[in-house]
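Questions regarding the structure given below will be posed in turn.
Every chain is named by a letter (A, B, C and D) in the order it is written, and numbering of its residues begins at 1.
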């Protein structure tokens, strides 16, 4: 693996992805690193960032940063801000042999060519600091969505958070900070103890069938079923933060006329600058650790 | 003035305005009051609310609720959710003689006909509980806007709030609750003392020329001038919460390429349900007080 | 009145009082002022502070700082950290003619001799920044007392704050910050609105007869009477923050076996350093304003 | 193991310990359980609690609760509120054969006689909900101590928390809730990310040599050494929350004249009621789980 010093000198190649990659590039540039970007030609405000072609980027840089996720379908690089379609084949992989490659959720990319076996690939999305940072960004985005979409106010509202994992914890704190009455369901006794000590109302999953105003689901298992949904008002708002199929019974919600807001990928959508900087810090730390 | 009991029985006429009026109607209905609405035919979800014409409403109800503001130009009633244009003339005023009329910022309405002299008009917007409640709704909306529009995160960000009035106070608390580093400028020594005790950084107005990430202005006098703006990064965000002309030097911001978000009327736009309920509570209290 | 510059040069005489005066002296010394102290010979850690006699102090300094309160009984200077008894007579007053004198609650002192009419006396305790700062110190002290004396925990506890003045507001925020479930009673509708928006439970005074775990009274009128007290558990704790006779029915509390903690003068007792610094800042500002 | 139902009926024997055991007994009694206490004769307020002798307790109850810790020296039961000395020998152990015994840190007790091998002993102190709850009680107690002992105010003060484990996390939140400027040191990158997102200042351990006003150590390794201590003011306060030998260089602190407050066992000392209730909940959950 390249050390941080040599990486800074030889330059970073940032390829594809959304605005997070753009801010990642800027953040590295601000720290004095040489940076090249590719497949970001439709991004806003790229002044001052040298945009190069795929081959030039691969030639110029020893360290290459793929987006999060690197690929969605395993066949093309994830390049939402480019008109180019980058086919993931042996030719593509060949460009990176001998280089240091970082990306998020790299498994599908690595399955696209056997040549990736001989490339030093690292997944920054597996790092705990990135997962932790993303949890806070997700919680913040969820609060922003709720303010925007719920027609009442969070201040004084009865808000439910299901789950007390990283996102649930962060949400409880922020909602309380906004003046909400926060209820949080958890399975583990230690979590219920913590919820109570933080000034929120701990709930077992069997106690959810009561009216709330905004309900945030963070649990990837159906915890907000028909019985719970039947107790909610028409003007309540449900926000789904867990990955598909989520924890809200969509069919029941639909037949009850309840509004469910799917909220995937909040860090990238709502906080691309914070996400990009988080990726930069994580990658730098990985390079430092060697 | 009608007491709350007789008002509940004779019914409330709710006329014009935005979704706040709709939620006001619903909130009254939920408390068992008879309610008629008029000039809200383009509002969403009016099922169950009796929509009547202007004359029918005036005939049926002893207490009538005009919107906030009752009129924008002094010539027409403020009816953004209606195709009707209600001309403010003597004929219109005549309909309300002998009734109890509530509305927000009523001066322009009252100037539209001498007949309003003989109508018992009350301005709910002059009540302190409404102003206080609106300040919290404004602060909440501003936080939601910042989450939505600022590309970084509030968590850990350097946020400036100018002014420590009702809105400034509420904003300081909520931003801190979201994990921001909050700086607040104020003129009065007692305010600076309070800012510090709340864990925010107190600043004199002469100390604002330093970089922040999100800047919220609540002061209706130009406190964020060229010198302060020159110290801000391109990706910072300025949110103007004060009424026109506000406190941000827009010309300087424009030439520096800084982004300024005007944010008028946040309670009505972001929290119509909370606003409508606040109006209901205020009007009920006014009726109780007699 | 002396300007701040000449006061700094001629020196400050600090006379009597408790540890607040000691920290006031230190804070002035740290800012480079010449300082003399008198009647503080029993204070701890006076190393480096020139202790002088009454006459020497009056001769050396143009600006003299009496304690808060300057006198308790109107007959002697308030000197709890001294063996001396300073009789407030004409001879004493004569020493300060032509000087600038600051103190807290100066009325009784000024009544002790007609000569005080010709002395420029200012009361720093009348300044809003000092009252505001003291309110936060009082709230902080009350939280500290509650942690120390209540055998349960504040985290998750039902805490009542009566009154939403300066101290009540500060207490609500801090208790919430400690994880308590905060209830707050107030008379004004605007206060109840604010209490709710801050995430606390607003209560009318007629709704207090329910069990709480810790009850903080800030209202100088009997709001916690027999009916309310009868609903409290034996192991609840009542803290009286209002000045005598306070708001708790002590007789009823006694016969019910409830524990009432009188908590006067918390800033001076629990936060003498913060109090002394607050006095310094206030006095400096008064000198600057002239 | 006895189920919770049969345990409730046969009764709980509560033996030795401090006021936590007393509140444990009361909490069980309030839930309708039969309860006997022993070796608590010097406890306050034992009215209504049947005090029995050692043998009677062992005979009457199927479930026995020893204190936390059950023994300090491995030779006597931990009975600070009793005049009796209970020698831990085979005779003592024999009394509990066939019973269900709960206690805290049971290893030393079990080493006192081979008969304990045939007793069903459970350690409630090993349960995560108890450790979590104790962390919040410790943090709360530490805040209370700081308010009481630090002569300045927490509001606005620069407070350092070393370590971001359970206690550190809880402390950061509470101190921030009291209005402090919170700095927190941690080793893990994910912790530093979380500290920042919560609005506190993250610090590496190499960055601690700067002045703070109150320093809370939660790390059981010397992180506050001479170099850091040399930067602290005389009137700063250090609170040691880690178990011996703690993280503060006591020798350096002594020679610098800095005040170090050892703060062991805060839950038992400052929050015996909350601690006793936490033990009750934990034991009940263990009985339910079987």
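By definition in this document, a residue touches a chain if its C-beta (ideal position, glycine included) is under 8 Å from a C-beta of that chain, and two chains touch if they have at least 3 such contacts.
What you are looking at is a predicted structure, and each value in this text was computed from that prediction instead of being measured.
*Asks:* Out of A-C and A-B, which chain pair has the most contact pairs?
*Replies:* A-B
*Asks:* If you average the CA coordinates per chain, which chain's centre is most distant from that of chain B?
*Replies:* Following the centroid criterion, the farthest chain would be D.
*Asks:* If you average the Cα atoms of chain B and of chain C to get two centres, how far apart are those centres in Å?
*Replies:* Measuring from centre to centre gives 38 Å for this pair.
*Asks:* Measuring centre to centre with CA averages, how many angstrom lie between chain A and chain B?
*Replies:* 34
*Asks:* Any idea how many Å lie between the Cα centroids of chain A and chain C?
*Replies:* Centre-to-centre distance between chain A and chain C: 50 Å.
*Asks:* Give me the residue numbers in chain D that touch at least two other chains, ranges are fine.
*Replies:* 136, 153, 155, 173, 176, 178-179, 197-198
*Asks:* Which stretch or stretches of chain D touch chain C in the complex?
*Replies:* Residue list for chain D touching chain C: 19, 23, 136-137, 140-141, 143-144, 146-148, 150-155, 173-174, 176-179, 234-235, 270-274, 277.
*Asks:* Which of the residues in chain A end up touching chain D in this complex?
*Replies:* Listed in rising order, the residues are 127-129, 131-133, 136, 170, 173, 188-194, 197-198, 278, 281-282, 285.
*Asks:* Would you pull the chain A residues touching chain C in the complex into a rising list?
*Replies:* 153, 155-156, 176, 178-181, 196-199
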